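The two complexes that follow have subunit A in common; it is paired with subunit B in the first and with subunit C in the second.
What follows is the complex of A and B.
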């Protein structure tokens, strides 16, 4: 996980057609989804994407707290993204950082288009994303986990929200970046409503050649479709498995 | 067209029918996508019989609707009304005149003379103001205070399954156990029977229905389960 590698070595690996962790360019990390792990909450999901582990818990609809932020037309979506002190290589301070506040907003804006908030006027839907282990792509894993937890909580959704981070490494497009790639390449997190073909999140803090953008997007959408199938399968399996324990 | 009922589970965003114009869709938890297809918004059980499609959500919290029968627990009171916990974001408000069917004179009597904190009331949702306390009523016959017995709480989304098609499931339970059962749409169920063993059996049955809500042919299974349970109770007696 905390493998250190020089830029030259990294480039050499990429030239051989492989990635630092041995994956192919368009290969996702192994995904593991577990639903309903927190009994007290209406919905919960543990989403693992390689070494990245995110626990998402959904409560609500509940009374709006503080009351003055209540919207008479629709529910207020409250997203809290937090990283555990033990989630990173160096201890992370438990104080909410600027980054965490920003990511909470980014995740909220990625989820909002999917939720039928107008069904719950003056109420609040709370989404807690807790990063247990961080290895790049925590915001995308949080979005994936949150949409599953919302579905389990019975909050009406237009569609599940699926997200993946695509990297642009020295001319190569790689899917689902790991932490080494995250440090050395441009990483582009993308979230979308797969059934509607609508993008709800698109970020990048690096320079990218504009003529490669459509290629980057189409690669991401292919990966998103794969994750979307896994999400749907996980939800259905969760409801079918309760049959077995019931008999 | 195959006339047999077909069941399947759908997740949010999944297409229920491609061309809604050719089907009649009953139930909640569906929206029409901009491309004209009807999709589910919740994890639901879809049963299709010919061109009739029924969608029953398997998850979700209780949202009161006008005309719902709910079971509430008195948690607070004021001079002329009680506040009832009805498994919703806001507490339900039951005015004294709606319970007593006459005005309450606060100079002579108090609401606590009739209902105390902790009492259980079977009421009807009279009016729902968006984002405020629902107004409850006991004016119609059959509604009122529930005494003795036990309360069972289930996921409100599973209540339609507990009642069954045209009340078949509930009738089966009542017929076999001879228990009094009142089902609140808010997921609270009240049971009173001759013996606590029978109440226990009904509770187990209801929990079983909640767990197996998405199975087909559930009424038959539940009937067998109840019969076995009743036999056991009767044998224990002799």
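What follows is the complex of A and C.
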């Protein structure tokens, strides 16, 4: 995991049509989804993407606290994204960083369009994402996990939200970046309502040639469609197994 | 209990009559202040307004105004970039600029905007960080870029960006000598900050209102918008993207906004350089 590699070696591997971890350019890391693993929560999901592991819990709809932020027309959505101190190579301080505050906001805004918040005026829906292990793509894994936890909690949704980070490495477009790629290339996290073809999260912070943007987005959408199928499958399996046990 | 950052923000309201009047103008391709949908407010930069700062600038975007100042110190480099200077962008959100801000540490919006401005500047390689080294692997210049909104009449994030750009363009780096007790800053001997002017980023923010995209939203427009999209380009590359707000974005709107920014960037670049370097 903590494999170090020089830029030259990295480029050489890309030129051979492969990626540092042996994947093809548009190949996702193995995804493992478990639902309903926190008994005291209305919804919960453990979402693993390669070495990245995120646990997400949904509580509510519940009373809005503090009451003055209640909205008479819709529920308030509160999202907190946090990382375990041991989730990274170097210990992360438990105090929320500026990055965690920003990610809580963008994750909230990525989930909000999917939820029928107007069904629960004056209430609050809470989403807590905890990164257990970080190996790139923690915000996208958090969104995938949160959306499934919301569905499992029985909160009415327009669609699931599905998210992936695409990378742009020396002219190549790669899907679902790993941590080495995250360090050496541009990564573009995207979240969508797949059934509506609408984007709910989009960020970037590296040089991206303008004439490749459309290709980058369409590559991301193909990957999102694959993850969306896995999300739906996990939900179905969860409901089938929970009805089988009776009650 | 809600996360501290959600509860630190007052919810602002717009009367239905104001909302409807914005909508009816926008659906006819006009805006309340008379602008066209893709028209920016007047950008005005007032550099060197704080003598004690190594760089400073007020940026006005219509009635929105923001002050940015830069202080420089010397310290050890980050372990992963031993031969590069460092900079940090921070934005305070005092109740001076808006009734929705409260005293206390920067709120969610302040943190987001500071990080967006940081990414626009950093990923463009506008600042020649390799020139900000005092003694390789030991001492580098550290620039603290602090942004104070003065009046929030909408699109603070772009005003903050241009204030930062103006401050960087006029920053003077003091000379540093390494004495027995470590580095000594010589405030009287300064030189301009070394910048890659040809890579200067240009940032603009678009907002989705109804089914239309407007450039440089006002405060009222922000309250009724679905999302805001902040983009920065440098030469022919997109260097920063941030979708902010809970609306949904169409791919075509994103690509159209990038094209619009590309078309405008040279004009804005000339304006910024003229108002700062003369």
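Basically, the second predicted complex is superposed on the first by the 242 of 247 C-alpha atoms of A that agree within 3 Å, B and C clash if a C-alpha of one lies under 4 Å from a C-alpha of the other, contacts with A are read in each partner's own complex, and residues count from 1 in each chain.
Assume contacts are C-beta pairs under 8 Å (C-beta built on N, C-alpha and C of every residue); 3 or more make two chains touch, one makes a residue touch a chain.
Please read all numbers here as calculations on a predicted model, not as lab measurements.
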{"item": "First, second, both or neither for A:202, with subunit B first and subunit C second", "value": "second"}
{"item": "First, second, both or neither for A:18, with subunit B first and subunit C second", "value": "neither"}
{"item": "Which superposed partner A:194 touches (first subunit B, second subunit C, both, neither)", "value": "first"}
{"item": "First (subunit B), second (subunit C), both or neither touched by A:222", "value": "neither"}
{"item": "Which superposed partner A:214 touches (first subunit B, second subunit C, both, neither)", "value": "second"}
{"item": "Partner chain(s) touched by A:153 [first = subunit B, second = subunit C, both, neither]", "value": "first"}
{"item": "Which of subunit B and subunit C A:98 touches, first, second, both or neither", "value": "second"}
{"item": "Overlap of the subunit B and subunit C footprints on subunit A, listed as residue numbers", "value": "193, 196"}
{"item": "Complex interface listing, subunit B residues touching subunit A", "value": "9, 11-15, 29, 31, 33-34, 39, 41-43, 57-61, 63, 89-90, 130-132, 157, 208, 211-212, 214-215"}
{"item": "Interface residues, subunit C side, partner subunit A - complex", "value": "1-3, 5-7, 11, 108, 111-112, 114-115, 119, 122-124, 227, 229, 233-234, 236-251, 254-255, 258-259, 262"}
{"item": "Touch list for subunit A against partner subunit B, complex", "value": "42-43, 60-63, 70, 72, 114, 116, 119-123, 151-160, 193-196, 231-232, 235-236, 239-240, 242-243, 245-247"}
{"item": "Touching residues on subunit A, where the partner in the complex is subunit C", "value": "64-66, 69, 71, 76, 78-80, 98-99, 101-102, 104-106, 108-109, 112-113, 124, 126, 188, 193, 196-210, 213-214, 217"}
